[in-house]
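Please find the structures below.
After this come two complexes, each holding chain A, first together with chain B and then together with chain C.
And now, the complex of A and B:
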């Protein structure tokens, strides 16, 4: 870890230069104006970045854990296996994810626990992760659907980030969080000045306002205990309006379930890993035809339990960062904040 | 609106009091502005939470095959449901396709003034936070931190509502009459007519561009009352019809089959479009089929419980210019 985090200042008029210097060493990805902040896309010039975005529609996970990943190719006639670019490590470009919201940065620190653990370690995820720096952008204007402070995250959370930016009046307040973060800005060092006492005060004030706009809706700590009751009566009711689609899980930055399939045409095939969703009936369907989660009741319980009960037990963290994507995009307005409140209120 | 809401609440209250139903499906206030949420209530729940406004967008018929699993059984008490024109058309389809039994339903029909497209309004707010909503007969007033904005409903209705020929339910047990949207419905739909008139390559390009946004969450399928298959072709493994990846050929295949499965069945409610998180304009393609079926067979799904669906019958006069002789 970094011995001393540095607070630096960058004038907004120097941002273009800063961006160019960084792009000499790194390929930069960010929320872009061209796709309406749908996902993190390659940014070639600094003015393509959508700074005013709340959050991207697709979460950051698809960058490290894409919806479809080819694990390897094979030929059943020649009895051959061919590695992918990620496996052969031809993929060694250094990337910056610029303008990541603190919630998404934190979600990557959770996915690290799943894919980047010592044993087993996922090669595909880890290779991409190792070659990528995360530059967060603190939220000065959180959306009404954000509930990060209820789940131990926040508008200025540093977890998962290498560097975090704060937008002050006419300039950026830049805080280095990790040694990689320090290395990342090295080439642009001449544009940066140490932050003064005034700068720090302005930043603190800014984040105080942002924090006060975020209501703490529930306490995820108490929730874990509450959820130990697997057969609580509310499970019989909560799911009723759920349509069973995969929106909440696919847009969620921490949901990471996948399926592995072989696709073969004649003798040529590939083994792929694709996102899967616990909300789908097929997810737990056995070959025998038996389904241990036969209805949406069991499926929805699984989703909630995995995030708020199992994950804290296995990883020490609630696997929800409060980004609000599931709240915004659910077609039946199944609001996880409401679900949590209902569970908490149950005696 | 308030008056109608009051009527709905009174009717439902009476249904519970008379022991006619044990469960009712309607709408309650959503947690987000410009949205409502499906509301399942039983006698002990608060009937006053039921709402009726321009954002009651879900097609509630989708829940019926899930809660009444057997079409042949006669449940002890019918399930109560609030139905707009399109919801009732979906129920007619489900009854005709023998998925549900009419006797198992108690339908409170409501003549519908059209549903306001939340996304159309949101796109005009530049991401500003909504503090409150007011609604009168013709407009929606959105209150913002720095003032308010008025939206004429007529301009902000969902595409399917703008060209709805049957805002009043086709079947019901009780009908609550309210104002209906008065524009004359046009067949074929102007938007899809424009699409159909384009050259084949251009249409394909539009189709490809739209569906390439798909993330295969299946929300379009799951929001559709017509998609009641216990096992969807998209997820079948024996045989496997399509791969599980997000590749273009897979999403094209999925959408073509989903759309074609709607031929002569789609009631143009727009539930798929509203459910799609990726803003794919699915109606563009399903509505083409609605118009095609009407033109070829003079049939509109969901209007009558008696007429036979065109794809379940044949007539010697059926147009068949697309049939080719075997070589």
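And now, the complex of A and C:
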């Protein structure tokens, strides 16, 4: 780990130069104005970055764990496997994800536990992860659907980030979090000045305001204990309005369930993995016809339990970062914060 | 770097149709590459993903024992897309394999103890692996008494028949084979010995069609029965003292077997079950085979009953 995290200042008028220096070594991805900050796209010039976004619609996970990914190609006639050249994958160039929200940065640190740290390592994820630096952007103006502080994250959380930016009046306050973060800004060092006491005070004040705008709705630590009751009565009613569309799991930055299927045209095929969702009835359907999670009740319970009870036991972390995407995009207004409140209030 | 998603090529060197319904076949597989074979080091209880390009993968328990050199056995029931395709495979065809996956039966803990093996239907596969492993000359001394109770719906549905008839006669183990319903050939196979009375009174009214024969002519110990596995278990179970029980079978068999073992005095720590769930990756990443916070593919498929009691009874 980095012995000393450095606090640096960058004037906004120098940002364009800063961006150009970094893009000499790195391919930069960020929320772009052109696609309405839907997802992280390649940014060629600094003015393409949408600085005023609350968060991208798609979470950051698709960058490391795309919705569809070829595991390998094959030829059914020759009965041959041709491995994809993960080496020359575009993500193997050094990348910067610029303007990541702290919740998304934290979510990547959770996915690391699934794909990166566990034995065996997931080659596809790991390759991309290794070649990518995450530059967070602290949230000074959180959305009404944000609840990061309830799940141990926050508008200025550094977990998962290599560098974190704070937007002050006319300048950026830059904090290096990891040694990789230090290396990332090396080429632009001359544009950066050490932060003064005033700068730090301004930043602290800024984040105090942001934090005070985020109400703590529940305590995820208590929640885990509460959820140990697998047969609690609320499971019988929470799912009632759920359509099972799965949008919550697709947009969730920590949902990582996937399916593996084969696609073949004539003799050319590929084995792919695609995002899957515990909200779908086919998710656990056995070939025998037996389905251990036969109704939406069991599926909803699986989703909540996996995030708030199983993951803490398995990985030591609650697999929710409070980004609020599932709250915003649920077609029937299922609000996970209300679900949590209901669970917490159950006696 | 090793890619855990890419299967290793294996050649089908033999196919055995196991049952009368002809929907269970055993595939004998030989590695195409010697290095792959060396890497594939496993113990009884583990499984692997069998892969057919263009069809997909399915997780199947390894039926051969690590003591059987040079090949792997997989007994597969025809059910879904991949298994149906597999049943159409011919000898000589090359398919793929990923593994070994999952944990094993607690072989080390079983050493120095009696082993009771309870199997039902075609779930007998990894238990066959265990039996073969224990019976292997160099391993046999490490374990005490071996008792096998195996049941199927009818005699035609018993798998590994040749080996079953062999085990019946083998010294150093007791083999009890039972079918829910016998056929006309089932009885003559075991002639009741005139020297030995049945171990329990003849069936009383309402007791079902339970018939048992004790130590038939030519059989060392054990015997053939008609009745459900739990019923037979109740009659013939060895003392729980110093015994570890392994169970693999249909849920209904497990449901009625567990209380009987408990009543006999088996503690939950000495009972081990092998479970199944729908799986994809087999390495604890794709997120679908949860039972409570455990993944069946990675933390299982073998669980101590004591552990399962701490997990939710549903999924």
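What we mean here is this: the second predicted complex is superposed on the first by the 341 of 347 C-alpha atoms of A that agree within 3 Å, B and C clash if a C-alpha of one lies under 4 Å from a C-alpha of the other, contacts with A are read in each partner's own complex, and residues count from 1 in each chain.
Just so we're on the same page, a residue touches a chain if its C-beta (ideal position, glycine included) is under 8 Å from a C-beta of that chain, and two chains touch if they have at least 3 such contacts.
Bear in mind the structure is a predicted one, so any value in this text is a computation, not a measurement.
Three-chain overlay on chain A, with chain B and chain C fitting side by side and no clash.
Across the overlaid complexes, the C-alpha centre of chain A sees chain B and chain C at an angle of 90°, to the nearest 10. In the superposed pair of complexes, A:122 makes contact with chain C only, with no contact to chain B.
Applying the stated contact rule after C-alpha superposition, one finds that A:83 touches chain C and leaves chain B untouched. In the superposition on chain A, A:302 makes contact with chain C only, not with chain B.
When chain A is checked against chain B and against chain C, the one touching more of its residues turns out to be C.
In the superposition on chain A, A:221 contacts neither chain B nor chain C. In the superposition on chain A, A:331 makes contact with chain B only, while chain C stays out of contact range. Within the superposed three-chain model, A:261 lies in touch with chain B and with chain C [touch as defined at top]. Once the two complexes are laid over each other on the shared chain, residue contacts for A:236 go to neither chain B nor chain C.
By the touch criterion defined above, A:179 reaches neither chain B nor chain C. By the document's definition of touching, of the two partners only chain C reaches A:114; chain B does not.
Taking every C-alpha of chain B against every C-alpha of chain C after the fit on chain A, the minimum distance is 7 Å.
Shared interface residues of chain A, touching chain B in one complex and chain C in the other, are 259, 261. Across the interface of their complex, chain A is touched by residues 30-32, 35-40, 58, 62-63, 67, 127, 129-130, 215-219, 221-223, 235, 243-247, 274-275, 277-278 of chain B. For chain A in complex with chain C, the residues that touch the partner chain are 71-72, 74-76, 79, 81, 83, 114-115, 118, 120-123, 126, 230-231, 256-262, 264, 269, 271, 273, 276, 278, 283-288, 292-293, 298, 302, 306, 309-311, 313-314. The touching residues of chain A, counted against chain B in their complex, run 52, 54, 57-58, 67-68, 143-145, 237, 240-241, 243-247, 250-251, 259, 261, 263, 272, 274, 277, 280, 282, 327-329, 331-335, 337-338. If you check the complex, the residues on chain C that touch chain A are 1-7, 9, 53-58, 79-81, 83, 94, 96, 276-278, 280-281, 283-288, 290, 292-293, 312-315.
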